[in-house]
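Two complexes follow with chain A in common, the first pairing it with chain B and the second with chain C.
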Partner chain A sequence: MLLQSQLPNSLALAPVLVLALTALLLLVVDSIDPDSTNSAALAGISVVGALTSLGFAGWFLSAGTGQVSTGGGISLYGEALVVDGMALFFMAIFASVTAMVAIGSYDYLRGKPHQAEFYTLVMFAATGMGLMAAANSLATAFVALELASLPSYALVAFLKKNRGSVEAGLKYFLIGAVSSAVFVFGISLVYAATGSMVFSDVAEALNGTEFVGVAGLGVLMIAGGFAFKTASVPFHFWAPEAYEGAPAPISAFLSSASKAAGFAVAFRVFTEAFALSAIPAGIDWVLLFQILAVVTMTLGNFAAATQENVKRMLAYSSIGHAGYALIGLAALSAGSAQNGNVMGASMAHLLVYGFMNTGAFLFIALTEHWDIGRRFEDFNGLGSQAPVACAAMTVFMFSLAGLPPFGGFFSKYFLFAGAIGAGFWWLAAVGAVNSALSLFYYSRVVKAIWIEDPSGEFQITSKPIGLYAAVMIAALGTLVLLPGFGPVIEMAQTAATALFA
Partner chain B sequence: MAAFDYAPAIVLLPFLSFLVSVGVAVSGRDLLPKGGALPGIAATAGSFLLSVWMFLTVSGGQYYDETIYTWAAVEGSFELTFGLLIDPLSAMMLVIVTLIATLVHVFSLGYMNDDGQTGLPRYYAGLGLFTASMLGFVVADNLLMAFMFFELVGLCSYLLIGFWFREAGPPSAAKKAFLVTRFGDYFFLIGVVAVFATFGTSQFAGAEAFPVLAEEVLLGEASANTFGFAPQTWFTIVGLLVLGGVVGKSAQFPLHTWLPDAMEGPTPVSALIHAATMVAAGVYLVARMYGFYALTPTTLAIIAFIGGFTALFAATMGVVKREIKQVLAYSTISQYGYMMLALGSGGYIAATFHLMTHAFFKALLFLGAGSVIIAMHHNEDMWDMGNLKEKMPVTYATFLAGSLALAGIFPFSGFWSKDEVLYEALVHGLGGLGGGEAEGALLLGAWAMGLLAVFFTGFYTFRMVFLTFHGESRSDTARNPHGVGWNVKGPLAVLGVLAVVAGFVNMVPVAKLTGAEIEFLHKWLEHGPAGLTSEHYTELTHEFAHYTAGTLAGGELGTALISGGVSLALALAGVGLAHVLYNVPEPTEHTDKLGGIKTLLYNNYYQDEYQVWLATGLTLPVSRAADKFDQGVVDGVVNGVSSVSLFSGSRVKQLQTGVVSNYAMLLTLGLTVLLVVFGLLGGWF
Partner chain C sequence: MVPAEWYLLLAAAVFCIGLIGILTRRNALLFLMSVELMLNAANINFVAFSYQWGNVTGQTFGLFTMALAAAEVAIGIGIILVLYRNFDDIDVTKATTMRW
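And now, the complex of A and B:
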């Protein structure tokens, strides 16, 4: 109500608009001073932009903009976009991750060329993610997804002199191209069957359609497009390579924010366009997501358990977490009152994950900054050299494993509890077994940094303030989300419930 | 209600002295004079004064039942709280415990400090926490809080029994005491959970107390979750579970084995354990929730039978012991058997009465024994003593008073209370038999054992007195004993007086004979909060357990006199036999005359052996099997899962070849498989 009475409706998109404007501003700065390596100014602009976006998202969320209490979602541009609780919730996640990544990049990029381009691309990708969360038509969903993806390809390959980075970027781009083709083909099939792109119209047309086969192929291929974005099996192949090769802050960005964006748009498409109440019986996408969830979390965790390289382990663990979040779509059933709770729990898990996973990758960025190697053994005894950062890393690892008293415990708990409440106890059981397995490889990191004796001399000469600050913010977020989890889960579940209304 | 505002201080004062002593012990310096005894004495004396104040307030007809702190609450389900319940029973117990704790602290000055013991701050810290735990247990207003303090009492006894931890015996005895009582407490804990699960509360008092709820359930006025059992059966099960803790702590058969070993601890600690804290806790718990036990005749009969059996069983073992503290240890087991017998036969007042008199005379006997031990330079063997009455007249006089009380000789305190215990068992046994109840026969059997134990009690008590104090000195130390100071004699004197007069508060036979209103304890326990009075308990035992009083010849008065006369005669016979055998200048061992029984008694009926066998021959193989199962099956599954996952993990890793065209192929294949499967399932083609 606040927004409707004080601001024009078009400003409901403010969190996204701010990100886009920041990107443009960075371009302006770059064109004035093309060779600038003034990281402070560029990172500062990005951080301010991200925080402003976060501020708007937070303000709207608390004011109730686009939520049931103020009359439901605000649809814009001929129903191409919609701003509601879920969109704002995800925008807050993107903005938080973007801010942390920008702070961390300040040190990571020091002395490297093309910094303005880096920040600009991050901001554009974030804009695309925000639009994905707000997309209300298959066309905007596709465009937004590409807007998020194309800068990401470039960002992964940002270290142009580094073969790993360039190779990862190319692979990411190629797999992305295949996936986009699948995605857009799926859209065309759905359009062929329904004659519409707007979600609500698609749902209406699907209800009792005679083209079940065509629509079914389309739905499945669209799900494939989202599987690519969320790094779910079998569209996950790019992820380990891209996360490992990319600059660590970008790994953090992709594995947290980009993944969450994939879920944001998937949640909306599958609850609005392919709503269970409207979908023909032949198109059982819940079963599809159940398969994907189980396979993804199992594969991610199993592969993570055998890695020798910490960053690659985190890449696989990120795939595993995509599997957990997929429970938000896999534990649904038509007309169940639990649907909102399950999906809300998944959203809350993505929020917590945004902090703990970003933090973990930023810690890797810190170790890359120190140049101490990438394997578990290289981390041996690091705790004695950099106790504060290592304590934060311990928090991330235990939180990712889902141990109390960290944020990851509650989010997983609500996720599994939601699945059980919805009658899918076996999904929760698979998730719990996988979580137990994940403790094995997460604790390897903790063991290495605290318990093992150092295998070599560390050359830790500096304590980069930006990376430290970013890691600390992420750790703080992970910890604060334990006592603060009540309002978060409530907000997420309210927003998700609104989708099923 | 001003007095009750200070009630928490009764518990907190000894706790404070514990903290002070711990602080001193940790600092490692001699910060306090007397090694920390003075704060302990001040704290317990303060608690004693407060307790007396509570006692006077309660006698004015005011009671206190307040929740102090709720530490966990489940909405609409149950609350876990700390609270205080001060009624006639707990007020009386508070006075007993604080008085004896104070005297034990004073006595410790003589026993520990004057003896140049080291580690005194640790000792006084233990005593302080022990006292505080027991007081917390006494005032607990719910079963869970009682359990927690019950456990603290157990912990403290472990710490104090093992005080001389550098020697071989005490640590082992401490462990044994801890483990054996823990075995009983395990059942108690299940019982606490069962009470919560059944009633949703564990409060002792009030309209929502669990004994009250249980009564209503049995009357059909309320319902509770009885897990598919009939309420009567289920309440019996719950009662027996809680009884497990009681049997362990109060050293009843078959969990009595820890107590004789516990003599390894310092003697003042033994006095505290036996008279006022650890062992008393078990019996007190039954009395505290007597409203619950009174509802289930089976439980009552079991309590009575265990009690009667233990009384006789332990008394026979006390007959052959060589060491003065061992005799006292078995007498403790036996005397608590009497209390259980009383509780089981509906003699709530009799049990409380015996608990009180026993607290005084047993504390006296232990402190007296401690005095003898000081004099004998820590030699406890009675066969090395003799003729100490000449050298230590104060100790002798008071020890004699305590012994007469223990043996149950008229008019010492033990006579009155033991007489009432046996009287209650007799009349209710007769009544039950008359009414055709099976429990009646059980009660009479328990009574017969209790009665027979009177003879043994008289015998072993005076065997101990004669061997220690009479005859000729049998060793050099006995000829030249170490002197004892005021701090030993003072507590002995106080307790000696009490051992003589404590029985006068409840002279039932005299009251019956003369019709005078002198049954003060009856009056005392008759009032109290609703549902916690002796009158209510009598109604309950009558209504639910069908206890009625039967009589022998001569009606009520005649029965009382016959019962008292027989038990006194038996006690005198025991004393007489001891006099004949041992009150001679040069006593000799007569145990060989017992033949094979001697070995049996010396080995305590092989109770330790069979319990050790249970541990090594039964528990250990079972544990080994469980360990095998754990190592083989459970760990095997876990290890198997992890090997499988690591193996398949490395396979997955191989899938990730690094060749991007492979990825594209796998991606397309995966998508195709999904398309085909879902297409077939959904009938798209």
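And now, the complex of A and C:
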């Protein structure tokens, strides 16, 4: 109550504003001292900025800003943006991932030029993601999506003398450019059918519209734009290349935060603008997401099982996880009381995923720092050399697979239980079978680390503090979410239920 | 006044030309131009239906799209430049250190 009555409404955007100001501050630092290699200061500013943003998001979430208990979402700038429980929940995810990535980048970037630009781009991308979660109009959704995408293209190609990184950046950019063109054409068709961009007005105009065909094509194309951002079928094929070639902290950033951002905006667009209760019967987007969820899960997991390269395996597993999260959109039905539970479980899964997947990619960053190869065999016997980091990696792998004592188990459990509760038992069944399959390739990493004998000598001479700290924080996050999962899932489900009200 | 359907047809045609360009061209710069065609197809819709619905939302968004298209090209040219430095070519199918 405090915030809403005493402070200006626009301060509800504080988690995003802090990220944007941090990015600008980094630019100022860079212009004062352009050739700075003082990475501690740059990483420090980024981490403090991300943590402040996380602090604001956490404070607002606990104070009830924009949530049902204090009168619902705060809409800003003529309903272009809205800050509610869901937006704040996702902003917390983005801020935590950004903080971990910034800590990990400190060691990863040692001795490389243009460090200030790197952190600036990360911060701007995080700002865009936060805005995506708050977007309440197709116009802001598109601008925010581009604000998140454009810095990401540059970040993937950041190692300009590394052919893999440049190739990854090129492919990410090409597919991104096409899918954003498809997305904006979809918006133009929806605008043609409804004459509006604000979600609530679009929903109103769609109710009983005579332009079902045009609107339907528009909805389909907008879904395509989100499929790119979340790395789901049919716009998934950039992901293995981009994640493999990109600097590992950026792979972590893209596969966790960027994916969650895609889901954040998709959740809001499809519940508010294309609400099931208002949309003409001919536009059955739930069926579309059911197909996409099943295909994405299956394709991601099967492709991951055939990989020999750990980073690429993680990339495909990240496609598989996009499939699980899609259940949050696929298991909906008009007027069902279960809708909020399923979508909330999907949000909680994205939070847990944010920690465990970021951690797994940062572990890869650690091995790249040590010049260990990328194949499974190269990891043989690593456990005896770096037991602490490897224990953390084991936690990530088992959590990603969804084994019982870890955070990933609870989020998947609630997700599948929600799908069954909503009457989509077959979605849960496909998800469970895929999870069982995923255990195969995740346990290969664990087996290589702990059981296999080393095939060669490791040259582990340095102990990169930043990367170690980031991996540990991610592991801690995955583990703390065990006892803390009750409040998290409750918060997520309340926030999601508010969308359907 | 030209009926609205014709604008939809024109936009769809421009969009498809862009899409075909993307599928057939291997030169990265021509690829960028094709994307530009697709974005401008959306702009045709925005402007035409802005007039049709009698509000300026669409026209304003058309300006947004142009600005973002320019930003996208700036990033794209940068990436194409480093592509040329690393692979001595701007053929998008030549960059295959990883599997495509």
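Please note the rule applied: the second predicted complex is superposed on the first by the 501 of 501 C-alpha atoms of A that agree within 3 Å, B and C clash if a C-alpha of one lies under 4 Å from a C-alpha of the other, contacts with A are read in each partner's own complex, and residues count from 1 in each chain.
In this section, contacts are C-beta pairs under 8 Å (C-beta built on N, C-alpha and C of every residue); 3 or more make two chains touch, one makes a residue touch a chain.
Note that the coordinates shown come from a computational prediction; the quantities given were computed from them, not determined experimentally.
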item: Partner chain(s) touched by A:Val166 [first = chain B, second = chain C, both, neither]; value: second
item: Which superposed partner A:Leu174 touches (first chain B, second chain C, both, neither); value: both
item: Partner chain in contact with A:Leu21 - chain B first, chain C second, else both or neither; value: neither
item: Partner chain(s) touched by A:Glu146 [first = chain B, second = chain C, both, neither]; value: second
item: Partner chain(s) touched by A:Val68 [first = chain B, second = chain C, both, neither]; value: neither
item: Touching partner for A:Val182 - first (chain B), second (chain C), both, neither; value: both
item: Which superposed partner A:Ala157 touches (first chain B, second chain C, both, neither); value: second
item: Partner chain(s) touched by A:Gly195 [first = chain B, second = chain C, both, neither]; value: second
item: Which superposed partner A:Gly245 touches (first chain B, second chain C, both, neither); value: second
item: Touching both chain C and chain B, counted on chain A across the two superposed complexes; value: 170-171, 174, 178, 182, 214, 240-241
item: Sites on chain A touched by chain C in the complex; value: 139, 142-143, 146, 150, 153-154, 157, 160-161, 163-164, 166-171, 173-174, 177-178, 180-182, 184-185, 187-189, 191-192, 195-197, 214, 240-241, 244-245
item: Residues of chain A touching chain B in the complex; value: 170-171, 174-175, 178-179, 182, 212-214, 216-217, 220-221, 224, 233-235, 237-238, 240-241, 281-284, 287-288, 291, 299, 301-307, 433, 437, 440
item: Residues of chain C defined as touching chain A within the complex; value: 4, 8, 11, 15, 18, 22, 28, 31-32, 35, 38-39, 41-43, 45-46, 48-49, 52-53, 55, 57-58, 60-61, 64-65, 68, 71-72, 75-76, 78-80, 82-83, 85-87, 92, 95-100
item: Partner chain A, residues of chain B touching it in the complex; value: 641-642, 645-646, 648-650, 652-653, 656, 658, 660, 663-664, 666-671, 674-675, 678-679, 681-685
